[in-house]
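The letters A, B, C and D name the chains in turn, as written, and every chain counts its residues from 1.
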C-alpha cells in the first residue's frame, strides 16, 4: 500500500497491491454507503426538510439498514429476460468503476500503482461503463429499459469526447499524462487558473458522464420511470447505485487532482499524509456538493438538447482551448502563463454567455393583461 | 401513417369446465362484459417465501439475524409512487417538509421492482383492479400493503356504485388499514409506524 | 317530430315509488316523521309538475336560428342561468345536424364553443341529449335538446362539427347507451373495452348493496398480529 | 430511397404504454404512445380508471349530502366545486345569499385557487425533472393555506363548508388576521417559485414553443381556463359571465400569445398574483358581522322542477353543473362538466409530432385531476 513507506514486511509488490485493493474496496463500500446518507441529508436540507433522522443518531444507521434490506430482497428476473445480458450487466458497469480507483493517487505516497499514463488509463476505463448500460437496457426486455439503454449509450459516448479534449488541454500545459506529475506541476498555482475553459468543459462533461440531474436522461423518473434499472431489484439494483456513487467519487477526485491541485497546492508535499488526505477530501467534497446541488435544482434536459449541447457547444470550445494552448506552447511568448490565463478566461466567459443567451435570444412577447372591469371584446 | 397497434385488453378465454361424466348441456352463451370483468378480479395469491438463512442456520442462531433483518426492513420501507385519487394528495403532503416521511427512511421509488410497500391511496375501481393486482405481483417478496383511506378499505363514500370495488383487500392481502377520508398525514405516519411494529412482531415467521 | 307530452309521472320527492320503474333506493331515506309531530304546513298548492315553458321574448336568437334553418319544427323556451335567462331549443333527431351547423357557421350566432353535452334519462319519455353552446364574440348562450326513444337510441354524431363532442359522446354512449352514428371511434371511454351492454347511469340500474364482511381473503396470519 | 443495408429491416414504431402507474401521469391515466425513435407518432389516451359514479350517487343524495361528492370529484379546487353546486341549487330555488356569506365564499375560493396552483407548480417541476425541490417549496405554502381551511371548516382537504344558501357555520373570529398572515407567506412563496423556475435556462428550453395550440383549435376542442387564455382567447368566467360578487373587485386577466407550455405556466403564475389582490380587496370589504344563512330557510330543501346550467371559473377551467330537477329534494340528473375532461381530449392533437419528453411536459401543463376527468 505505501509504495515508498515501510512495506509491512511483505516484499513482492503484487501482494502489496492486492492488499491495497482489498483495503480500497472496503473503504470505498463504506464511503459509498455514506454517500447515499450524505446525499439524502444535503438534498433534504436544500428542500427545507430533515433527511433520515429516526434510524440511529442523525440517521447514521440508515445506509446500513438500506443495504441489509436490499441484500435480503428477493431477486426477481423477468421470465423473458436475456439471461446473459441480464447477469453480466451488473459487472459491465461495476468493474470499470473499481478499475478506475486503482490509478488514483490519494496522497503523495498512498497509491496502488503509479502508472506513467494514469490520466489516459482513467479516461479509458471510465469510458467502458456504457456497455453495461446497454446490456442492462437490452437484457431486461422492457421498452422503458431499452429506451433508457439507448439514451445512456448515446449520452456517454458523446460526452466522452469533450472530457478527453479538456484533458488534452491539461496534458499540453503540464507536458505529462501522469496524474502524479500533474499534481507536482501545480505546486505554485492550481491548473484551474491556467485552464478555466478546460475546467468548465470538464465539469459539465463529468456531470453527463455520471448521469446526474441536468443530464440524467437514461434513468429519468418522470419520462422513463427509472429507465435502465426498472427491472432490477434487490442486491443487483443496489450494485448499480453503488457504482454510480463510486463514479461520483472517482470523477470528483479526478477534478480535484487535475484542476485544484490535489494534495500539493497550498502546503506542498512534505506535510504529513494526514493533512494531504484532509486537503484532498476537502477539494473532493467541493465537487460532490456541486453534483448534489445540481441534482436538487436543475430540471432535466431533453435528449436532442443534450446531444446538440455536447456536439455544437462543448466540443468546438474544447478544440478552441487546445488550439490556444498549442499556439502558446509552440511560439513560447515571454509571458506564456499570462497569455494562457487571458485566452482561456475569455473562452470560459464566451461559453457561459453563449449558454445564458441561447434561450433568451428569441424575443418573446410578455403576457397581455386585460382589466376585468372594461367590457373587453374577446381577442379571437 | 403507421397503423396504430391498439393494445386491446387480453380477451378472457372462457375455461372449459369439463366435469367428468357431466355432458355439457348448456351451450356456452356469449359472456357479458360484466362477467368477463368478474373473472379478471380474482384475488392475487400470497405465497410468503422463506429466506435462505432460515434453512441454513439452526434455530438458536436465527433469532439475532431475524431481529437485525427486521430492523433493517422496518427502517427502510420504500413505497412506490402510486397515487390513485384524493388520498394521493395527502400522501404527497406526507412526503413534504411539514410532515417529512424521509425521517423514517421512507423514499418513494418509481418502479415496483425496487419498492417494498404499496400504498393504495384512493378508490380502486373495477377497471383499475387488474392493474393494481399486476403491480402487487411485480413487487419482490418481502412486501406489504397499506390501504390508505376509506375508499381502499371498503369503498368509502363510493361504495354503493357498482363500478367500484368494495375495498382493495378483495384482490390483494392488506397489512395496515389507515382510516379517514382522506386520512391526515399524521394518520398515514401512524400507519407506517404500525407497519413497522408489525414487521418487528412477524420477524420470526 | 313533436314533443311526446306523455302523462307526467308525479315523482314526489321522498315517498314517490312509481310501480314499474322503482326510483333508486335512497341510501339513508329519512323515515317520514309521524304526521302529528310534523308542523302544520300551509295548504300547499299542487306542486307544479312540469317547469313552465315561457316562450322567449321577440328578437331573441331562436328567431335568427329559425330564419337560418327554415322548415324545422323548433320548440323554444327560456331556461334560467346564473346571469338571468337563456334560450333553449328542442329539436327533432334528424334535423339536429343542420341546426348545429347553422348555429356554428352563421355570423350573427357564431356559437363555436360547445360547452357541455349531457344525456338525461327521462324514464318512460325516452332518452334526451342536451347540448350547451355559447359564443365568445356575440356572447350568446343556446341550449339544444333532442329526444330519442328507448328502443332505437341513435343520435347523429357532431364529432365532425365540434371536436369537443368526441369524448362527450363516447361518455354518453357508455353511460346511457345512446349510439352516436358517424362517430370516428365509438369505443367505450370510461368503461372497460369489452363492456358495451351495461349502462350505469340509466335509472333502471340500481346501486349495489354494501357487503357486510369483506375480509374473507385476509392473510391467515394477519388477524392475530395485533395485540 | 432506403440504403441497401436497411433493405431487409422494416422499421417498426414502438408502442410505449405509459401505464396507469407512472410517476408523471398525475394519477391513474394511461397513454399508449407510438414513438419512432424519440418522436411521438400517435397518442391514444385511456381514461376511466377512476370512474366511481359521482353523478349517479349524487342523484341518490339530497341537496345537503351532495356537497361531499362535489368536493371529492374536484379534489384540488374543492371550494370552486362546492360554489358551483350551491349556485346551481340556489338559482333553482331562488334563494338570496347574505352579503357576508358571499364575501367569505369568494375569499375561500380564491385561496383555494392559490393552493391548487401551488400544487400545479410542484407537479410541473417534477415533470420537468427537478428532483422534488419545486414540490417541497410549493407544498410549504400550500400547508399554510390548508391550515386556514382547517381552522374554518375542520378538514384539510374535503371541506364541505359551503351550504345551499350560505355557509355551514360562522368562521373563526381571527379569520381576517389569519388570512392576512397567509397572504404574506403566499406572496413570498410565489416569488420563490418564480425565481426557481421562470428564468431557469433549462426550464425555458424545455417549455418554450412546445405543444403550441392556436385559439380557434382551443375553442373547437372546448378547452377552458388557463389553457384557453394561454392560446390567446380573452375569456374568463369571472368577468364575462359574472357570478356571485366578482364584479365588485378589480383584477387583471392574463392572456398568453403562443399557447405553448411556457405560456400556460406564466398564465397560472400571474393568476396566483391576481388571486392575492382579489383576496385583499375582499378582506377590506368583508362586513364584520351579519347573517351567513338567509333567515327563512326551508327545513327540507325542495327545488321546483326545471333545469339550470351553472358554471364557475375553477383553477383548471370552467367547472359546470347541469342540474335537472323534477321537484323533490333530490336532483333528477346532475351532470358535472369537468374542465380536465375537455382539456384532456385535446392531448392527442397537442402531442403528435413532439418528443417523448415533451409529451410528459404537455400532460403536466394541462394540470388534470383524474377524479375530475372520470367523475
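Simple rule for what comes next: a contact is a pair of C-beta atoms (placed from the backbone, for glycine too) under 8 Å apart; a residue touches a chain by one contact, two chains touch by 3 or more.
This structure is a prediction, so every number in the text was calculated from the model and none was measured.
Chemist: Taking CA centroids for every chain, report which one is farthest away from chain D.
Modeler: A
Chemist: Write down the chain pair with more C-beta contact pairs when B-D is set against B-C.
Modeler: B-D
Chemist: Can you figure out the chain closest to the middle, judged by Cα centres?
Modeler: The most central chain here turns out to be D.
Chemist: So, what's the distance in Å between the C-alpha centres of chain D and chain B?
Modeler: 30
Chemist: Just how far, in Å, is the C-alpha centre of chain B from the one of chain A?
Modeler: Here the centre of chain B sits 38 Å away from the centre of chain A.
Chemist: I'd like to verify one number: the distance from the centre of chain C to the centre of chain D, where each centre is the average of its C-alpha atoms, in whole angstrom.
Modeler: 24
Chemist: Tell me, which residues of chain B touch at least two other chains?
Modeler: 81, 96-97, 110, 127, 160-163
Chemist: For chain C, jot down the residues that touch at least 2 other chains.
Modeler: Counting only residues that touch two or more other chains, chain C contributes 27, 136, 191-192, 200, 207.
Chemist: Among all residues of chain D, which ones touch two or more of the remaining chains?
Modeler: 17, 22-23, 48, 51, 53, 56-57, 60, 132, 136, 140, 216, 219, 233, 235, 240, in rising order.
Chemist: In the complex of these two chains, what residues of chain A are touching chain B?
Modeler: 40, 44, 47-55, 59, 61-62, 64-66, 68-69, 72-76, 221, 225-226, 229-234, 237
Chemist: Under the stated contact criterion, what part of chain D meets chain B in this complex?
Modeler: 12-13, 15, 17, 19-23, 27-28, 32, 34, 36, 41-42, 44, 48-54, 56-57, 60, 68-69, 72, 75-76, 119, 122, 132, 135-136, 139-140, 142-143, 146, 156-158, 370-371
Chemist: Once bound in the complex, which stretches of chain A touch chain D?
Modeler: My answer: residues 43, 46-49, 143-144, 147, 213-214, 216-217, 220-223, 225, 295-305, 355-356, 358-360, 362, 364-365, 367-373, 376-380.
Chemist: Touching residues of chain B toward chain A in the complex: what are they?
Modeler: 49, 51, 68-69, 71-73, 75-76, 81, 96-97, 100, 102-105, 107, 109-111, 113-114, 116, 138, 140-142
Chemist: Show me the residue ranges of chain D that touch chain A in the complex, using the header's touch definition.
Modeler: Residues of chain D touching chain A: 14, 16-17, 22-24, 38, 125-133, 136-137, 140, 196, 200-206, 208, 215-216, 219, 232-236, 238-240, 246-247, 249-258, 263, 266-267, 270, 355-358, 360.
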